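Paired with chain B in one complex and with chain C in the other, chain A is shared by the two complexes that follow.
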Partner chain A sequence: MSASLEKGINALTQQVDSTVAAFFTSCVHCGMCAEACLFYTETGNPAATPIHKTEPLRRIWKSEYTLQGRIGKALGLTAKVDEALLSEWETLVYDNCTLCGRCSMVCPMGLDIALLIRKTREGMAAAGHAPEGLIGATTRAITIGSPMGVKLPALMAQIKHVEKDSGLKIPLDVEGAEYMLLLSSMEIMNFPEFISAIAKIFSKANVSWTISTQAFEATNSGIQIGVTDIAAELVQRIVDAAEKLKVKTVISPECGHAYMAIRWDGPNLIGKPFTFKVRHILEVLDELRKDGRLKITGKEKQRLTYHDPCQVSRRGGVIDQPRNLIDLFAENFVEMPDHGKMGWCCGAGGGVSSNERADEVRLKAFQRKKDQLDEIKPDAIISACSNCRINLEDGLEENNMEIPLLSLTETLAEHLAD
Partner chain B sequence: MINDSNRDKTLGETLREQGISRRSFLKFCATTASMMALSPAMIPKIAHALENARRPSVIWLSFQECTGCTESLTRAHTTTIESLIFDFISLDYHHTLQAASGHAAEQARETAMEENYGKYLLIVDGSIPMDNPGYSTIAGISNYDMLMDTAKGAAAIVAVGTCAAYGGIPHAKPNPTGAVSVGDLIKDKPIINVPGCPPIPVVITGTLMQFLTFGSLPELDHIGRPKAFYGKSIHDRCYRRPFYDKGLFAETFDDEGAKKGWCLYKLGCKGPTTYNACATTKWNDGTSFPIEAGHPCLGCSEPDFWDGGSFYKALSMPTENITRTVIYTAAGAAAAGVALGAMNRHKKNQAVATHNRTSIDDLKK
Partner chain C sequence: MSEIEFLNWVRGPGFQIAIIIFVAGVIIRFAEILLLGRKPNLAEAKGSEMRGGLCTIVSRSFPDKNTFQRSAFTEVSGWIFHGGLFITIFLFAPHILMFKDIIGFGWPALPTPVIDAMTVVTIIALLAILVHRINNRALRFISTKEDYFVWLITILPLITGYLAFHRIGMTAPTLLAIHILSVELLMVIFPFTKLMHAFTITLSRWYNGAISGYRGVES
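Entry: the complex of A and B
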């Protein structure tokens, strides 16, 4: 119980580096990022303009790191960061942003606005302005090992079911395995079919893999809430397990932010390079396809589309792989109007789904996805992120739309040739 | 000069008298239409309008100029339809080309103005001195007075060459004669600027053709140039552009790069900031253009091209001499920058040092 404004300001001061300074100096206030953000387009709320969400960080940069700002501060002219500002910005930074990074794509000056918002969260969290739901998830991640409170016995129970249904053994703690699979709590509790799908595919393709009982959780609440120390601790758990089992590659599951956290932020968080590779499950599956180790049979006749999870496609660059894989079984594939790196976020990533306060704006933002779906009228939507999946199902239900959501890995497993 | 009996003939009749076949005339119409970015559907309309056009009266005034623009238009090469069209207009007054002199010459100008008041086309080359009118006079009339007097009855004015269009070389620093452009003085008439030192002949004939065909003036850019010819930069249409994109530059006029025909940007080429048609229409009957001959573009169709520093300095280099004040200012700014940087590093280090590890217990107040 020791969060304070002082700590928040110190955290923001610590976040300013040459990148931040260059970004704020280059911003030309064109406002193009507004039109790229679904929290602006669907609400019309000008405060949701992405660059505006970074105001607390911008003020610290201005008052502490620029000559003009320093002089202004001495004269009492430079705007300050205070409790009132942080309270006002709390909903903008956490509820109205999924860190999807679409704004970064359109910025004519090349600012990575999503990164700036991520850094702003550091100050918000240290000052005690993180949302209740995210604090809860983060606390559970550290104390229990999973943001949803999933403990090892729960995983073991699900694995037992999977083994019974599939007749396949799920390898646990196998030293020297080629791949170590991570899972998101969402998959363990809501979609255990994912585990059996992986087991089927890997067994057919003769892949050596394992799950660690020591570190099986892939998601990283520390990144979402914006506390580097906590994020680093969560990454370290995975690193320790992977090093102990001496695996060659760690697989991030069908979860967008988990992938971003372990693959791109991971080594920076712990301050040293990994001794193993990190791949998204779709990358691994596409490699198997390329090597001719995936034997697929039967074609889906229904009209399928693919929802690009922002952290997998836009921030992660895994864009062609899902399409290569879908090609194997889809006869009638159709792209959404904006797809690939310019895809629209589901509206619930980056911690928004664990933040109940954001429910209303999240469902409003879903209108963007609804418009996209109305345009192409698919029979089913494929995705590769459980969080997207849950949120899309929620949004569809709210709008009385009956379009089933499919996991790419699971659909692929259904089409495996005997 | 064409004698008076020709005055009432149409262009079609004149061309046939000169032995130009209808086929080659149509070919000319098609080429010109495409050059002016007009739709192919316009070709028959151009042909029809041109064939039936009557000779318009043209008065050509030359002020502070070198006659290079006239040379560009009348230079000797095989007779083309362009030059015939140039012959076809009734050029009632032109210092260099007219046979008459003295009072008879001025008489010709006054008669042409009187007979065609409100309809004649006025072409001007050269800039107008505003400092002392005595710097340039014709028949005792100052350039300014002659321009204002002749412009009154003109349907439109074509400012040929950079001097007439933007002041050109007479206007260059320190501008001893107080030279100004036509556009600086006349605000109430349509003015078409056809800059270049000299301008490309076909740009003149193209502009005249539009006037003859449609009785209208071409679409102009923000500094009064026909967009059809000045719409794109030399750089965008340059055949050496691929070398620029690859970063292959000639560093001197006799190095490997120069021999291999690489980009002349570093040798001072002004192609990126110069808008003209040289790279596509080329010069000397389509033979080549300066960059093709191995010399960077001087930027002659742009205002103040003479004051842009050395022709051989790359565009990215400063044009003025770096003065002592600038050096001191820069050194001062650099020192201030270093000081501010040190202060900022200190600030950041302090923040890092103050940072206590944030745990889950630190998330609430």
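Entry: the complex of A and C
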């Protein structure tokens, strides 16, 4: 056995706990997860059936943690995990899954299939079977501090522009601030308007906040590729900065997996509870709304819909907040046929957007979102994840559909009363 | 071995062996799962694990509209054959007598013609499920030998029970012995195949609901 295969098998073995065992024991191969997955419904590729993607992990569970599997292993009957299996599964686990978790909501046996696929990635990555694009993004995140290679000077340049355009000061490294804002590289490079929107809202609502120059990157390639050590290191950088500045709450920006990484995985990755709270920007804004600190003027007359970022809504629990906020300024809001916790993924989360090899299947999978949009024909789509936003724009362009994409935070900022 | 000796064996030692394997197997499988344990969640909770877990145990039997539409056959046939199995196993008078023998108490039975009809309905549902498994692209692709084997072992007691009740093809003692033997076969493979889902479904749904519930989402 090669050293990398052994590493992969060890990593898979470490992933098995009572949830994994209960899940695999309960699977009856009913196939309902296939119908919940846009990589199956839009391509008809049976190998994209969610539970099938977990096969490497299932084999390890069976051969190491079940009586019949161990007997079978001794007799040479239980199926093994080998190089061939891992190479074959690489595209299933990384290109054909966004970890959106819709399958986990549908499985009649209650398997959290997305969790099983996430755990399978740990073994794949350890064995060296991760896509080039994700390896690159992860390496940049560790060495440079951002998956897109955004360094502090780039952020500083954008902040300078924002300050000039808005006339507002962006507070940097303020000790004792209530909130510490994180940003995704995508926001820094493609959507700096997000920073000015936050500055505007927080200044009007009189919120004490800051950005740390030591840890401003919110994204976490470690959880996408499935390497716990790297994910933990990236979380630790944020924890160190938040503790140094003694902030009360860290804000995760409009990015799905960044929220999952810092809010739900973070403390478990570093092995201790945080000394501060973590909130998604929409949760913070909704709190301000509840406290009457958001004064809104003017209503959007156009037909608006909301695209639920999977890691924010279904996997993150931030479902009502965006709707409460949209209600403040939208007169004509319409939900997609399946929304909230049952929303359909944009097709590019979970590292798929960093993986060029997956471009073709990603655009095919986008058909699901297109069909949803065709049904309600909105004038504009609001979302709260810049990765969803870029992918939706890309998909719409491919399909010659002209529907603008809006950030919820930015749209809200535009409707603030002077 | 005469047919009476055969019947006595399956009713006596055969049944005891099957029960021992079934009970010990189920206990071992549960121990295998639970002893693995689960790390405590260190993230600040947004909702209750217990509430989410308990809700999902119930709610997962009733899918949302879109899921139902996409998997209508699986849902409906699943309900019918599970209901049919429950009724034929637990509400047939002679079965209740047998349970009374083992556990000391019984319960009211359904009229025999109802059980007879339900047996036919359940057999038809299981046959339809097999056809669906073979015809559906994703389902055929993910199906393993175990899936077909378990299907066979599940339908056998229904068929042998029907034949025994109507005394078709063989003498009554032989038919009854074959029926009991088919049930014993089911009991013996039960803990070591996907049939275990009958017990672990509660655990698995609880975990699913608990994971989501902790994050404030009802799954």
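One rule holds for everything that comes next: the second predicted complex is superposed on the first by the 415 of 418 C-alpha atoms of A that agree within 3 Å, B and C clash if a C-alpha of one lies under 4 Å from a C-alpha of the other, contacts with A are read in each partner's own complex, and residues count from 1 in each chain.
Keep this in mind: a contact is a pair of C-beta atoms (placed from the backbone, for glycine too) under 8 Å apart; a residue touches a chain by one contact, two chains touch by 3 or more.
None of these values were measured; they are calculated from a predicted model.
Taken together in the superposed arrangement on chain A, chain B and chain C clash. Which of chain B and chain C touches more residues of chain A is settled by the count: it is C. Contacts of A:Y65 after superposition on the shared chain: both chain B and chain C are touched.
Once the two complexes are laid over each other on the shared chain, residue contacts for A:V16 go to chain B and to chain C alike.
With both structures placed on the common chain, the touch criterion links A:H52 to chain C but leaves chain B unconnected. Using the contact criterion defined above for the overlaid structures, shared-chain residue A:K164 touches neither chain B nor chain C, since it reaches no partner. According to the touch criterion, the shared surface of chain A, contacted by chain B in one complex and chain C in the other, consists of residues 16-17, 65, 67. Contacts from chain A toward chain C in the complex involve residues 16-23, 25-32, 34-36, 40-41, 44, 46-47, 49, 51-52, 65-68, 104-112, 115, 263-268, 271-274, 277-278, 313-317, 319, 337-338, 341-342. Chain A contributes residues 1-4, 7, 10-11, 13-14, 16-17, 64-65, 67, 70, 125-126, 128, 130, 135, 138-139, 142-143, 225, 227-230 to its touches with chain B in the complex. Of all residues in chain B, those touching chain A in their complex are 336, 340, 343-344, 347-348, 350-352, 354-365. Those residues of chain C whose C-beta lies close enough to touch chain A in the complex are 28-29, 32-39, 41-44, 46-47, 56-57, 60-61, 63-64, 66-67, 70-71, 74-75, 78, 136-144, 147, 192, 194, 196-197, 200-201, 203-209, 211-212, 215-219.
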